[in-house]
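Listed below are the structures to be examined.
Both complexes below contain subunit A, partnered by subunit B and then by subunit C.
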Partner chain A sequence: MKKYTVYILIAAALLAAIVLPRLLPKPFEKHVLILIMLYSILGSAWNILGGYTGQVSLGHAVFFGIGAYTSSIMLIKWGIVPWVGMLVGGVIATIVSIIIGLPTFKLRGFYFAIATIALGEMTRTLFLNWEWIGGAVGLELPIKRGDKLINLQFYLSKNNYYYVLLGIFLLTILAIYVIQKSKLGYYFRAVKDSHEAALASGIDTARTKLVAMGISAFITAIAGSVYAQYLLYIDPYVVFSSAISTRICLVAILGGEGRLFGPIIGSSILVILSEYSRAWLGGGGKGVDLIIYGTLIVLVAAFQPRGILGMVEMVKAKRQKAVVPNA
Partner chain B sequence: MSRILKAIILCSVALVLLVSPAYSKVDVVKIGVIYPLTGTSASTGNDYVAAYQLAADIINNVTNIDFPFAKTVGIPSLGNAKIEFVPADSQGNAEVGKAEAERLITTIKPAALMGCHHSAVTKTASQAAEQYGIPFLCPDSTSPALTERGYEYFFRSGPTDNTFIEDAFQFIADVDKAKGTKTQTVALVSEDTEFGKNILNVEKDLANKLGYKIVETITFANNSTNLSSEVLRLKQANPDVIFMAAYTSDTILFMKTFKEQRYYPRAIIGQRAGFIAPELFQTIGKDADYLFTTNVWAADLGVARPIVKTINDMYKKKTGKDLTGDYARAFTGAFVMADAINRAGSLDPEAIKKALLETNLPGKDLIVPWEGVKFDQKTHQNMYGKTIITQFSNGSYKTVWPLNLASTPVVWPVPGWDKR
Partner chain C sequence: MNPFQVLIQTIVNGLLLGSIIALVAIGIAIIRGVMDMVNFAQGEFLMLGMYASYWINVKWNLDPLVSAPITIALMFILGVIVYKVLIARVIEAPMLAQMLLTFGLSIVLVNVGLFLWGSQFKTIPNVLVKGTISIGGVMVSLNALVPALVSLLMAGAVYWFLMKTRMGRAFQATSMNKKAAALVGIDTQTVYALAFGLAAACAGLAGSVLSISYYIFPGVGSVFNLYAFVAVCLGGFGSIPGAFIGGLMIGVSDSLAGFYISAAFKYVVAFGIYLVTVIFKPKGLFGW
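Presenting the complex of A and B:
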């Protein structure tokens, strides 16, 4: 593809992303868009650690929850605007991720994944019993009407939540793009391809993994803060649930792990599938929606473990092969 | 203008004239009901929906029973419009509950919303209703915080944890007097989600206020796999009475462990949930004997009031199960809503809200043993909700308190495992 075609494509996609919520008037459609954006950010953040660096985490809800709790607590207890709380939450999540990373990165492959599951469960139990932050009763965020951007609460139009998330998503994508092209990006991929070879080439693998985890945790926490502002109620079962951890991971893997636009594709499919199947079939109470949702995930995992983008590339490659002998 | 164009315009005008009266007439009154229809609470959620469907059957058809709306078809003031309860699945998840509330409000345009069993889901779903200015009636969630938010469109017909626990302490005082015992020490046992924690806080406050000594406080993980050390701690603390808030699987495990360790205090008083779940008696059988639980409904209320038995029989015919405190509350909520809409005479949210505020149902029109339904003008909490204390014997819970409703004498203190 020529360079300017890429620019045109990017501009078109951006325009579509900006116009899209205006074309969908129903709040439920907007809700779906917001969730798609949210999980695109979360999937991209996970991708930094899981996709590029090859460290599969099944406990990312820890950072998501820390972000949600930090901004909410700062708002409720001290009246600090969520934008500041968001950044503080990001920093705290990064520090926590480093503390978690130091011992767990000594574990490889499955053992690291198992350790992250355990950490997720531990954090939830800790928050359930921590009275100062509301414990199991959770936190209700004070309602601020007037749709001011500074309060990060919008009643008249949900579009604003979407645009805030879109902005964060674009920044995330940009950051990942820059990292990908930098030396750090090559370090990440080296660690993923072969830990030993990376070590032999003089890469500080432990530090590389910690950096990946830190960046990933920071972005995840930011998304958590926005989520708390969107739902206006959080408790440990809402933000620290293992279902969130799994979904973050699924989004990235379904779209194609280690690919820049994998998460947005994965999240579009996954969120639309889960939300609309529930809306259409959920009232029947037979769980049909969840069966369909689960079946599709199994199918993709079984037949195309490289995700949807992997599938697209495979089709492309086949076509090229078919074209060559004729030419 | 061509003739065809004229004809088209004429036809469309005629069509508009024909169709427009139909818009002002109400055919169906839709009420969205949000419950956990999948996940760990799925069977509970589906039984709730059955209770709403039973209410709709009675309201929409002529039924030969002595109950409001039974003798008429639909909502009389709205031209006998039928009422329809549209179920939506919350999956027991606060985010999903809110999304479903919003989807219902903007697609089926319900006159009101009801639900949602889990207090956390009720919190977020009612937030959406408040935002859109749609009345929300909660018949079942008990977290006191729900009616302390100052919401304009939120109403609750069922009692709160405060009432349940106050009545439990009142019961202890009454039974102490009657049986000549003296209860001095209590142990508080709660699971670790919002449900258990809320109850624990209220219990602590009341126990301190009423001068009971708390000898042990235990918070255990929801869905535990082993509770031996918790029971051991209780055994060592040796309280007179244990208060317990637990869901089904934990209640079963606690009872099994109590028996294993041959320990039983003077009484165990449960807080509904696991204690009223049919699975408990199916699993532990006679070991459930003498258990107490706070409640809002028991089948023996039908002895004094035949209508209660009639409704329970109708429910049993539909689902194969008895009503429980949960479903009886939901059924009652459905009639509170139908009554308000009938008095409002319109589907305008403001009119329904006003009618709800003016609700004044007498106790005789309910299947729950309340004085009636009348909402506090500020908090919108039903002021006349009452609770009962039931004790398990011969395969079902029997009312033992208050005394004017009691069908069976209370067994107090409860005999230990070796004396049964």
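Presenting the complex of A and C:
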């Protein structure tokens, strides 16, 4: 692809992303759009650690929940605006990620994945039993009418939540793009490809992993804060659930792990599928929607293990091969 | 009871629970050892084993302990089918695809269970073994002791199979070096299919013996799944005795923490033990 074609495509996609919520008047459609954007951010954040650096985390809800709780607590107890709380939450999540990362990065592959599951479960239990932050009852956020951006609460138009998330998503993508091109990006890939080789060529692998996890945790926590502002109610089962951890990971893998635009593709498919099947078939607690959700995951994994973008690339490669002999 | 007897009682209860976890864990260890992948749907095989026992009991009035061979056979066949239809496609794929597939499978199985049998808790009435016996002042309920013995027996049988039989040696060879095993004439695809079937059968038996003393519901697998994983990691992936001992340890820690600290924190303690162990021994207690 020529360079200007790429620019035109990016501009078109951006325009579409901005116009899209105005074309969809129903609240449910807006809700779906907001979730798509939220999981695009979360998937991208997960990708930094899981996709680029190769450390599979199944406990990212820890950072998501820390973000949600920090901004909510600061708002409820001290009346601090969520934008500040969001950044503080991001910093706390980063610190927690370093505390988690220091001992667990010694673990490889499955041992690390299981450790993150264990940490996720432990964190939820601790928050469930921590009375000062509401325990199992959860937290209700104070309602502030008037749709001011500073309060990060919008009643007149849900679109604004979408635009806030879109902004965060674009910043995230930009950050990942810059990292990918930088020395740090090469370190990430080196650690993913071969831990030993990276170590042998003088890369401080432990530090590289910590940096990846820190950035990942920071972005995840920011998304958590926005989610809390959107729901206006949080409890440990909502924000620390293992289903969120799993879904974050799925979004990134479904789109194609370690690819810049993988998460937005993955989250579009996953969120649309799960939300609409839940709306149509989810009644009665029969789990039909989740059967469809699970089946889709199984099919993608079984027939296209490299994710949707991997599939696109394979088709392209085949076409190129077909073209060469003719030329 | 004096405090010492209480302690012993709690540990015994933990060992009984632990032996069920151990059986699920052995299945995970076999799959990990032979085909170098992790099956997140192992707990769901336990759930299916429980329902199989339940429905056999409803239809033909057979006790789960009597129908255990049928359950084992059914779960073995199911495991082989799952391998042939799904797992075989990702056996060479990256770890993430394998994880994704078994994750999806576990979601599907839980919800198929929910769809077919509803979310109500079921129990099996009139089980064969009931009551308690007292061993040196420690009360042991028979419907926990018998399952523990059965699962110990099964674990021993699996270990014997892997160590002493020709097929078991083929399993070992495949787990050591896939290519070399194929080179000396081992049909690795058959080994994989049998290993997956065996793992499913272990979980199925665990479900079968668990069904006489525990509630049967579609989500029952998740707790055991998580515990079994921690047990396998604790013991060291791929080590059968390690997985068994890991399972017992998790059972005891669950029981002790539930009694002496608080039921709410028993997961925290079990996972804490795991984290502390792997921080000092990153490949588990018996791993290499």
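Following the convention adopted for this analysis, the second predicted complex is superposed on the first by the 325 of 327 C-alpha atoms of A that agree within 3 Å, B and C clash if a C-alpha of one lies under 4 Å from a C-alpha of the other, contacts with A are read in each partner's own complex, and residues count from 1 in each chain.
Just so we're on the same page, a contact is a pair of C-beta atoms (placed from the backbone, for glycine too) under 8 Å apart; a residue touches a chain by one contact, two chains touch by 3 or more.
Predicted, not measured: the structure shown is a model, and the values here were computed from it.
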| item | value |
| --- | --- |
| Partner chain(s) touched by A:294 [first = subunit B, second = subunit C, both, neither] | second |
| First (subunit B), second (subunit C), both or neither touched by A:109 | second |
| First (subunit B), second (subunit C), both or neither touched by A:185 | neither |
| More subunit A residues in contact - subunit B or subunit C | C |
| Subunit B versus subunit C as contact partner of A:125, first or second or both or neither | both |
| Which superposed partner A:135 touches (first subunit B, second subunit C, both, neither) | first |
| First, second, both or neither for A:246, with subunit B first and subunit C second | second |
| Subunit B versus subunit C as contact partner of A:56, first or second or both or neither | second |
| Subunit B versus subunit C as contact partner of A:27, first or second or both or neither | first |
| First (subunit B), second (subunit C), both or neither touched by A:257 | second |
| Common ground on subunit A, meaning residues reached by subunit C in one complex and by subunit B in the other | 125, 128-129, 285, 287, 290 |
| Touching residues (chain side subunit A, partner subunit C) in the complex | 50, 56, 103-104, 106-111, 113-115, 117-119, 121-122, 125-126, 128-129, 246, 250, 253-254, 257, 285-288, 290-291, 293-298, 300-303, 305-306 |
| Complex interface listing, subunit C residues touching subunit A | 32, 38, 86, 89-90, 93-101, 103-108, 110-112, 114-115, 119, 218, 226, 229-230, 233, 237, 264-265, 267-268, 271-272, 274-275, 278-279, 282-284 |
| Subunit B contact footprint on subunit A (complex, rising order) | 26-28, 31, 125, 128-129, 135-138, 140, 155, 231-233, 235, 237-238, 275, 278-279, 282-285, 287, 289-290 |
| Subunit B residues within the subunit A interface of the complex | 37-38, 42, 45-46, 49, 86-89, 91, 93-96, 98-100, 102-103, 105-107, 120, 123-124, 127, 131, 143, 145, 149, 192-194, 196-198, 201, 219, 221 |
